[in-house]
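These notes are about the structure you will find just below.
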Amino acid sequence: MRKFFAMLLALVMALSLAACGGGSGDTQPSGGSGDAQTSGGDKVVKIGVFEPATGDSGAGGKQEMLGMQYANKETPSVVIGGETYSVELVYADNASDAAKAPTAASQLVSQDVSLVLGTYGSSCAIAGGPIFGEAGLAAIGVTCTNPGVTAGNDYYFRICFLDPFQGTVLANFASEKFSAKKAYLLGELGNDYDQGLLNYFEQAFDGECVKASFPTNTSDFSTYLNQAMAEGADVIFCPVSIAYSTQIVKLAASMGLETPILGSDTLDSNMVLEAAKGSGVKLYVSTFYQEGGSPEFDEGIKAWLAEDSTAMTNNGGNDTIAAVTAMGYDAYYVALEALKAAGSPDKAAVKAALPSLSYTGVSGAIAFDDVGDAIRDTAYIKTADNTAGAWTLETVQTVK
Amino acid sequence: MKENVLKVENVTMQFGGVVAVDNLNLEVGKGEIVALIGPNGAGKTTAFNVITGVYQPTNGAVWFQGEKIVENHPQGKMKQQYKGEHAGDYAQVLAPTPDKVTRLGMARTFQNIRLWKSQTVFDNVLIAKHCRATSNVFSAAFRLNRKEEAVQRENVLELLETVGLADVKDEPATSLPYGKQRRLEIARALAAEPKLLLLDEPAAGMNPQETEELTAFIGEIRDRFHLTVFLIEHHMNLVMNISDRIYVLDFGKLIAQGDPAAIQNDKRVIDAYLGVSEDA
Amino acid sequence: MKKTVNKSAWAGLLCAAALLALVVILENVLDPNKNIMVFAALKKGAVYALVAVSMNLLNGFTGLFSLGQAGFMLLGAYTYAILTIPVSQREAVYYIYNGSAVNFSLPELFGGGAFGLVLGVVLALVLGGCVAAAVAWLIGLPVLRLKSDYLAIATLGFGEIIRAVFQWDKLGPVTNGANALKNFPTFSSFNITNGSGETVLRLSTFTAFLLAGICIAVIVLLINSTYGRAFKAIRDDEVAAEAMGINLSKHKRLAFVISSFFAGVGGGMFAMFANQAQAKTFTTAMTYEILLIVVIGGIGSVSGSCIAAFLYVAASEWWLRFLDAETFIGGFKVPLLRNGFRMVVFSVVIMIVVLFFRRGIMGDKELPDLLKKRRKEGAK
Amino acid sequence: MQYAISILLSGVSLGGQYALIAIGYTMVYGILRLINFAHGDVFMVAGLMMVYLTASLPLAASIPLVLVLTVLLGFIIERAAYKPLREAPRMSVMISAIGVSYLLQNLATYVTGGLPKMYPEIPGISNTITIAGVPTKVVTVVTPVLVLVLVLALTQLIHHTKVGMAMRAVAKDFETAQLMGIKINAVISVTFIIGSFLAAVGSVLYFTNYQSIVPLSGALPGLRAFVAAVFGGIGSIPGAVVGAFIIGISESVIKGSSWSIFSDAFTFALLIIILVVKPTGLFGEKVTDKV
């Protein structure tokens, strides 16, 4: 019996090898949540969504996808070279794990997408990048801010600002707003995003920095916050992922921490906002988009969220719009522009069209430099209004 | 007496407050078959374990082929607790691991058969040859030791033929009947090319006929491989038939020694065994 | 007797060669983009097969329950990456630390080109293995004295310690701190391109198979040698093994060091597959994954580990992916299907294997054993 | 000074929470010789259940319900994943434990959709108080007291009841206990029930302090608690408690120092040193192999 079992498995393997092409084409995830308007005769162009739906960055990835899904619902078709194509989003979950990113990327390549959007979290982008590069498939990074994503990869573009920029912006803000002389920097051990930002902040900050790192899956931040207080830090800078930042903010709220907390784009999430609600935590985050920047978009997406309960859940249960959602929204339109400019859904043509593209989205003007990075010099800094449970714009910070 | 192969000198083995072996002295001469007997719990297997390096004695020394291989004296907490004698006589600490003792030329079998269960009969014996292999791990992995390997395999085959297990060489060791498993364990010990063979109750659980066969077998291999045999046994028939000399242990202490006839008539031995029903 | 051994060795070699040839042909004949999943799964499968076999050598053949595999893979991956990142790329990779403290690259030292690449990569992988082996030797001194689950938890702890050390900021110029090492030669670097940059011969999957195959072959040779037999004796009965003259500490350390060596090589290959090396990838979860592969394949079966590695990778990352997508059949929304469902199904499958097919796919048998038996039965 | 107090406070409260998890590990190990890798995840699931139950039920109903459900979960896990493997080698059972842990984590990911969940506020213990000038939650003070009470109750149970006697007998010698007519399976179930119950209590305390729950929330506290159990001498309940406090406080101290990235590494280094120097831990009994 067991022998038979073994033989069977071996056989299945052999067969799968032989029939490899067939299997990968079977999966046809629908775009968005039940709004597939693909009618029979239409031509379809596929856009790959390379985002984490699970793991540490799952929450952020989902919010980023919301933007794309909403944009897809808003504009489900595109005219390419005179023909109307309906746009289909094809998803691959990289599980926030760099070890799983290559296969997730391969999945998209095998499904014949014209270009890829994503991913939230730079290390997955770095791991998946070469796969896209090899396949000649262009990828547009939405909110992956690590310089390593585009450096050395001709096929990776991005529409957001970079960590060095963000770190500098926040360091300047800390000095200007709080006249901070001492900063407590907290990041996740081994997370390049956190550590990178901490480094840039340290470099740009005019004053003393105390750095600390916590191991992955930490859920007890009280010692760190206590340490920050004991050190007499003027600001706490913690550019950590949503899972940790909610805990830090929640803890800070319960401790009655008065030191302002600075965060990066990851903290721009309504889950963090929720955690701070009703407390005296002073929370400032730098981000790509501030609600109110495009009232039309705000209204539209809120209406959509109200309609679609799954989307609402993925947004953290309320309709505050995260910057990553706006970025996802813009990324979708950039992708459409690229398709239009290319005049064909062919991935090589799309790639060729990207460098010279420019588009003005809800988060501002988007164009690419020679590395493939967005040319941007503005970041929004917003603060949490803890009574209303909403973000308010603090300042718009630019760096030359 | 001929030159001795094994000498146990003032060995005391104490576990906490319990003295398992108390000041044991014995000698095994070259080519002899010597038996160690005694009621259950007398400390026979413990003595074996001390000789083969499984336990480190609390005090005393063991000599093998004229060389001191084991020595110890009470240390630490044991200094106060020690109940034995000759505490001051030994200063050195010599504690070889069992494998080292085996490589010196001593091989043993176990009271409860300990064969390598997943291996075939052939491999069980072949593995015992490993301690005599000279090749290092690289030459072994890359088959540079082909000659040695071939010689080993041949030797094992010969050995299996000698002990009458050649026809079952590819069977799993555990599929053998009990008597053959005992025999295989002895064959395995022989493969380690010992000078001294220690058998821990080789006839345990055997019926009279099997015991008889085993008695003949032990004599046979002694002659063929020029061995010295030291054995623990409860089957008095076997013991009396093949032993040149016998040592008797009771409560860890040596109570008698001598040839089979003398032991059979020894008052202390009879007393020690009284009330203990032996199936001999 | 001797002859049949030789014959089966030749047969094995022939099969391996045929498999490699098949891989090369498939990779070049099939559309590389449409079938990229196949090759991604094959490459990852090859890497995992090697690591699983190395773990099996320890857990299955020597009976040492160690959970340090990911830690040793990390050592191999980092060594490989640090030694092979092109000098011109170092500035970009180590951008936080303004360049690397290691300022050479093995492939370039060997003069670059195809020859330099092959030699450099192989040497870097071997060195990665050696670093892992050396660390294993050190760790083994205290740890290998521990028994079963204590050993498991201690090695698991060492894996975590290694990870923390590599993420340490102070070592940044060497390890790049928390940042990923990248831009080193990957499997795809072995694709042969013509002058205009077009790929004429794809050898990336072939390279993965060849490297893993050679390593696994060496492990198999070792297992079937006198040392391998000694390992199995230790697994079956430690006391008897020691009594038969097998030096326990020496042999356990040997098995630990060799297993770690191949885990290190596997780690280097994993970096080649993943296009980057980052400490946070090599978590306990990865060790568990490999352990599950070993269990599914059968503890004590090399071919089982190999088959299970491919099945595991293909199932978890490819075949079951459709479970993650919300699917509509007609107007009907298939229930339960959404993100994360794939892993739920997958872990249920694993539990079923662990509970009901306890001996795994192969038990402790090898593929040739099964074929032989079949033939024997047929003859009867 | 304030800083030192705050570190000590968080260390003590952390230690108490680890202690509650560690007891589960140590009891199971004492009886089955199994590192129950899923225990940390049971702890996490208890937290998640609380989140989902309080969404629709009042707190007074959901806390007991969580305790009951967690106990049930522990019981089911034992019956489904460990009992069938009673005769199998120890490694198989351990692998099964890893499998269960994997399953629980993936299930949690599926249910939560990978989003962090916020633990509800529990009136009374969520409030902030000030001790020696350091603001902290009431739970920080409640934890060690509760741990002491529970441990005392547990020791009473083990030393003065029939079930307790059976548990001690099984821990001492599995086979003999079975021959003496002790219902092994019942004893093991009781062990898992007690362990899960304490884990559930621990989860209420822990997540009140650190409110966000992700599927991996149980993994690290679980591992640390296990280290604590080994540190104290596995199988010994006082050992587990003492070990947990030591681990909790030292973790807290290291995190407060400039070596914070090595806090986990330190925990494991401590474990390895203990294992090598005194393999049976602080309070463990010595075992000798029989040849």
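First chain written, first letter: the chains are A, B, C and D, and each begins at residue 1.
Criterion: a residue touches a chain if its C-beta (ideal position, glycine included) is under 8 Å from a C-beta of that chain, and two chains touch if they have at least 3 such contacts.
Bear in mind that the values here come from a model prediction, so they are computed numbers and not experimental data.
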item	value
Chain labels contacting subunit A and also subunit C	D
Central chain of the complex, centres being mean CA coordinates	C
For subunit B paired with subunit D, centre-to-centre distance based on mean C-alpha positions, whole Å	47
Subunit A and subunit D: spacing of chain centres that average the CA atoms, whole Å	36
Where subunit A and subunit B are represented by their mean Cα positions, the distance between them in whole Å	71
Between subunit C and subunit B, distance of the C-alpha-averaged centres to the nearest whole Å	44
Junction residues of subunit C, two or more chains touched	164, 167, 169, 239, 339-340, 343
Residue numbers of subunit A (touch at least two other chains)	53-54, 58, 189, 213, 215-216
Shared interface positions of subunit D, touching two or more other chains	109, 113-114, 219, 261, 264, 291
Footprint of subunit C on subunit B - complex, ascending	52, 54, 97-100, 102-103, 107-108, 110, 114-119, 123, 126-133, 135, 137, 140-143, 145, 149-150, 152-153, 188-189, 191-192
Residues of subunit D that touch subunit C when the two form their complex	33-35, 80-81, 84-85, 88, 90-92, 94-96, 98-100, 102-103, 106-107, 109-110, 113-114, 219, 223, 226-227, 230, 261-262, 264-265, 267-269, 271-272, 275-276, 279, 289, 291
Complex contact set, residues of subunit A against subunit D	52-56, 58-59, 62, 189, 212-224, 226-227, 229-230, 242-244, 246-247, 250-251, 254-256, 271, 274-275, 313-314, 316
For the subunit C and subunit B complex, residues of the former touching the latter	1-2, 218, 221-222, 225-227, 229-230, 232-233, 235-237, 239-249, 254, 258, 300, 364
List of subunit C residues in touch with subunit A within their complex	26, 30-41, 44, 89, 92-93, 95-96, 163-164, 167, 169, 177-180, 182-183, 186, 188, 270, 273-276, 278-281, 283, 286, 307, 310-311, 313-314, 317-319, 321-322, 324-328, 333, 339-340, 343, 357, 359, 361-363, 367, 370, 373-374
